[in-house]
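What follows is subunit A paired twice: with subunit B in the first complex and subunit C in the second.
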Partner chain A sequence: MIRSKGGALATLLLLLPPLALYVGVYLLPMLAFGGASVDNGVLGQRFPRLAAWAASAAPVDDAAAVALLADLGVLRPEERAEAARMLNQDQPGFRSLIMTTGNAAGTIGPGLAALRSFDARWAEDRFWFSLRQNLEPVTWRHFRKALGLGLSPDGGITRVEGGDIYLRIMLRTLVIGFEVAALTVLIGYPLAYAVVNAGPRLRGLVLGAVLLGFWTSILVRTTAWVVLLQTNGLINGLLLRLGLVDAPLPLIFNRFGTVVAITHVLLPFAILPIVNVMRQIPAAQRDASRSLGAGPIETFLRVYLPQTLRGVAVGGGTVFILALGFYVTPALVGGPGDQMLAYYIADFMQKQLNWGMASALGIMLLAAVAAVLALWFVPRLFAAPSARRP
Partner chain B sequence: MLKLFSGAVMLAVGLSAGAQARDLTFASWGGNYQDAQRAAFFKPFAAQKGISFAEDTYLGGLADIKAMAETGQVKWDLVMVERADLILGCDEGLFEKLDWAKLGAADLLPTAIHPCGAGAVVVSYGIGYNKNGAGKAPQTWADFWDLKTWPGKRGLRAGPKMNMELALIADGVAPADVYKVLATPEGVDRAFRKLDEIKPSLQFWDAGAQPVDWLSTGNVAMSSAYNGRISNAVADGKPLGFVWTNNIYGMDSWAIPAKAPNKELAMEFIAFANTPAPQAEFPKYIPYGTSNVKAADLMAPDLRANLPAGVNMDTALFMDDVFWADHFDQISVRWNNWATQ
Partner chain C sequence: MALSVGFGLAFLIVPLAIVMPLAFNGGSYLSYPLEGLSLRWFGAVLHNPPWLAAIANSFRVALGATALALVVGGLAAIGTMASRRLTAIVLWALFVSPLAVPSIVMAVALYFAFARLGLNGTYLSLVIAHALLGAPLVFVSVLNSLRGLPPELEQAAASLGASRWMRFRTVILPLTLPGFLTGAIFAFVMSFDEVVIALFLVSPETQTLPIALFAALRDRLEPTLVVVALSLTLLSGLLIFALARLRRSAAPLGKDQ
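And now, the complex of A and B:
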């Protein structure tokens, strides 16, 4: 079909408002927030004299002490406190050191000896080393921390003992995402089949039951699982009464409870795409296959299943990506070993006021999702055209 | 960059909100806690001044307040903050300075007076237990560690705050020395070693309502909990108890976000909230302590016995938020490492 020029213009005009909204309230804030992971504007601007000293690679000397006191002396108290909080993210105790030194900046004599007699902590190398590393307008300290890396005094990159915590949490997040995606597909596929092939009344009932969960608040659904799974909850009560177990099973505050609850929350996202694809498969195809001699199993495997894989991929993929961002559900039904990366992002964002770290972890999560999608998508790009469905 | 980010978010939010003059707006912690504040403070003050007021819920931290300060869209006039956030936020200019000469500091606890905040609610963190579960009532944090006498899971608040302190107390450190010990690397090691002893039995809560739930349903044998949550559960007929020995207490304060539009009215509210009469009303709804020492005289004796006040606080430890401002970043990384392994 050939479109007229006016039609193209109309399409463009129709696209403009959503595009503006997308750029304005989604893309720009996201990019800006991504920038927070390397932005060191605050520390980079507040210590100009000290930055000049650091750039000269001079040892910690009287000039450094004089530059530090001069910089601290001209900062407004709020600026000083903000800088102190950020330095404290790098070295514990730095906050109070900067605050007390800053408050007395005018009264401390010039020189390193006077500074050290004011507060002995200025004799510790780690504070000076940290200052040296954090005076540039751009910093990699958040990414280093997220990846479990540190800087050695000679400027090399080192591994920090126990610092790979966020990488381990990242891996755990991906594993939980996979488990949930696999389970939703395994449960959702037969359910979708039932929805498509049932009579109209049963179909309405099953689809209604699925959608009812869809419309219920995630908190309510998660809390319902707490009631069911807890030590003296309904399921354990039933098992004990039937004599199937002697003591209550640990069903909650562990990985089992986490995966079950997330699977339930996300099940509709897997079912609906599969239903959609199954509906488009004419029943006549199965009859044709059977009449040509294939048994029911062969018909399913060679005629039906391949046509539904697209729905399975869309449903499973959607569930996987949505599961990666979960944090309320694991917080309520998981144990300490089941918290996902989003929990820590929220913690850095809301509680610790460390948006740089939140941003670095967010980018890490985004990169992981992109990598997983690429693994799934790229082979399809190069697949022989005949293998692709029209 | 953050300004651009906050600006865009606020643009999206602000399109509907607008910047017109609005009612005096309180932000607090929701639930029973805010219900009690509404009854004891918000409504009487609004009636006295002949104004209407609005409320919002606050989840802790400084992120919201910093975003408001940076964008100039200050949607709260009063916010109930924890002390650690009050100290950090005050230093960074996120809260208005209070004029204590006008507010009347005479009968307040000394810890309630801060340049940017008026301490209002004293909250104790101690052992909650189910009276039907254990043979006898636990008495100390050392009992919390005694898995033989009181078998079963133990609940603790997620994160290192207060838990490091109580681990040291359970290990025999006197409350007065806790922060001295904790300031050394050996002290932190010692606290983690102590927590290791019961680690397989621990599960962690985020919201104050969770331990009450866990205790009532028998999910845990004991859990650290806030005293008011336990008292309210007892009032609802649940068979729970609370151990006051060596409880760790903190204080929540009223603060005014910087450039709040109803700043003057907010100051008047703080002056009102500092007086004994409304403070004596507050614990009737939720049993937390108050900041004006005269308020206790106006309370019924059986109510006073359940508050973080008087004899209950003889062995208590005041949480040192200045210590945590310095050490939280480092200890919390180690805590997360420890908790997830």
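And now, the complex of A and C:
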């Protein structure tokens, strides 16, 4: 396209509508989403007196009790409920404590003793400790929870016993992603080879199957696997009729079904990049290698395979990235122990209404994706100029 | 080698090929042997108002999203093409980046944003969200067409006194039309098949076909599900065919096919 003198302004005008949409419904929402992971909401804004006490490093005393009751007393009921819900995420039991105390804030006498006689739980250090930690505008408690970390009473960071549930889910997500990527490459490599090197009929058949898979909705293909793998489904029916098994095999709602179904859904994404790379390898190379005395296996291993590894990396990497975010397929064919990070993000969002945790887990997922992308792009940036793409 | 190709091919095709005929089952179970061939489940879908409403919603949303994605992705591609090299790289990264964001993250982020605007559960929210996923596809496709365009053509038009708009309308747009159409098909299919974001943004009135299918799959398995799945697959097949035709018609223009 011609770049002319008045062109810069015209180009800017052209770019304005797309930039407006991207900023408005993509960049800003993503920033707000990220911000939710550290935003302390009502806790960071509506407890000014208690926050002043917390910042002063004073012990739990009468002043703290007075500050707490004063802050709770001026909160609107829905604000109090929100604060109670958020504190409950930190310390179980905090919700009812805040709600009952808040409702009676005006009737409780000043001082710590009166507060503790109203509800004995105020004698427990953990609630005061939690208040002290959670009144800043910015909070790291969602990330601490996601990483299985907690705060010790002296302010240090400690491991929480049995708190590594989200780390284990992250690990599970990475493992499933890796298994699926490995399987798609193993199954896809021969198919890609057939697309490039087979006779026209087989080539057409394979390419058609790959493209149909690529274009068929994830949900449709997952539907097929649900029907196939069910306890009373087609595979079990066949096995029973052939007398190979006595009772239906557990094929669905477990890791096997999950990995198989995701592999089927993502297989085309592994095959197409490998095909692209294989197409660029001249057939003459193989003839040259054979004429120099190498056997077919040696030719494949030493001449052909090394040149296709770039396609394998792109295909496998794409599948890995896509698999990390899977939600629908594990939800339909996986069991409780096979749900991936995306399931827990949706769960925090829709069922537990804990947007902070949803956001913190979402950032962990994005970080994993970004790490894989960096593995691709950073070596390219530092590659010799001749190796760069034009 | 032949064995592994056979296995891979079977793995790709057999699940769909075995399940799809169950749409024509005369009985109400998803199992073989078929209890006679029948179209009753097709009738069941066509006489079921919720399925029909979901189909209509899907078309409405996909058409709206495709139109918006065409404008946004097309303008983005033309603007990027006309930018300096460094700016163009930054713009390229920005415009394709929604493709790399896991859809669950996008879904939650958009749910936040639309909740603040009071748009959740509206058609508009679905159209905008799906357009955001379709725009990168249109962008890439149109950008490829523009790159394949010999610059002499536009220079010739400019030397003959054609204005910027005139050059776009009479030279560039007709020659890059296959790029726009390819992008439009991709954007349409993307929206028509999208589940995760729609799951967060739909209301009972705006629920799309994949959402209805998802809900039905969790509820109970009936041949109607396979009827819907088969119809979606046929639509995909139709669009692959259209795309192949488009590639062929574009072939003389593109430099490297």
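Keep in mind that, in the parts below, the second predicted complex is superposed on the first by the 329 of 390 C-alpha atoms of A that agree within 3 Å, B and C clash if a C-alpha of one lies under 4 Å from a C-alpha of the other, contacts with A are read in each partner's own complex, and residues count from 1 in each chain.
Here is the rule we go by: a residue touches a chain if its C-beta (ideal position, glycine included) is under 8 Å from a C-beta of that chain, and two chains touch if they have at least 3 such contacts.
Remember, it's a predicted structure, so these values are computed and weren't measured experimentally.
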Subunit B versus subunit C as contact partner of A:Gly295, first or second or both or neither: neither
Touched partner set for A:Gly109, first subunit B, second subunit C, both or neither: neither
Partner chain(s) touched by A:Pro137 [first = subunit B, second = subunit C, both, neither]: neither
Touching partner for A:Gly73 - first (subunit B), second (subunit C), both, neither: neither
Partner chain in contact with A:Lys351 - subunit B first, subunit C second, else both or neither: first
Residue contacts on subunit A - larger count, subunit B or subunit C: C
Partner chain(s) touched by A:Ile321 [first = subunit B, second = subunit C, both, neither]: second
First, second, both or neither for A:Pro29, with subunit B first and subunit C second: both
Which of subunit B and subunit C A:Leu228 touches, first, second, both or neither: second
Partner chain in contact with A:Leu191 - subunit B first, subunit C second, else both or neither: second
Contact residues common to both interfaces of subunit A (with subunit B and with subunit C): 25, 28-29, 32-33, 36, 226, 230, 232-233, 331, 349-350, 355
Sites on subunit C touched by subunit A in the complex: 1, 4-5, 7-9, 11-13, 15-16, 18-20, 22, 30-32, 68, 71-73, 75-76, 78-84, 91, 94-95, 98, 100-105, 107-113, 128-129, 131-132, 135, 146, 151, 154-155, 158, 164, 167, 172, 189, 192-193, 195-196, 199-200, 210, 213-214, 217-218, 221, 225-226, 229, 232-233, 236-237, 239-240
Subunit B partner contacts - residues on subunit A that touch it in the complex: 24-25, 28-29, 32-33, 35-36, 39, 41, 76-78, 80-82, 84-85, 88-89, 92-96, 99, 162, 165, 168-169, 226, 230-233, 252-253, 331, 335-337, 339, 344, 349-355
Contacting residues of subunit B [partner subunit A, same complex]: 1-2, 4-5, 8-9, 11-12, 59-64, 66, 88, 91-93, 153, 158, 202-204, 206, 213-214, 217-219, 322, 325-334, 336-337, 339-341
Residues of subunit A defined as touching subunit C within the complex: 1-4, 7, 10-12, 14-15, 17-18, 21-22, 25-26, 28-30, 32-33, 36, 187-188, 190-191, 193-194, 198, 202, 205-206, 209-213, 215-228, 230, 232-234, 237, 264, 267, 321, 324-325, 327-328, 331-332, 342, 345-346, 349-350, 355, 358-359, 362, 365-366, 369, 373
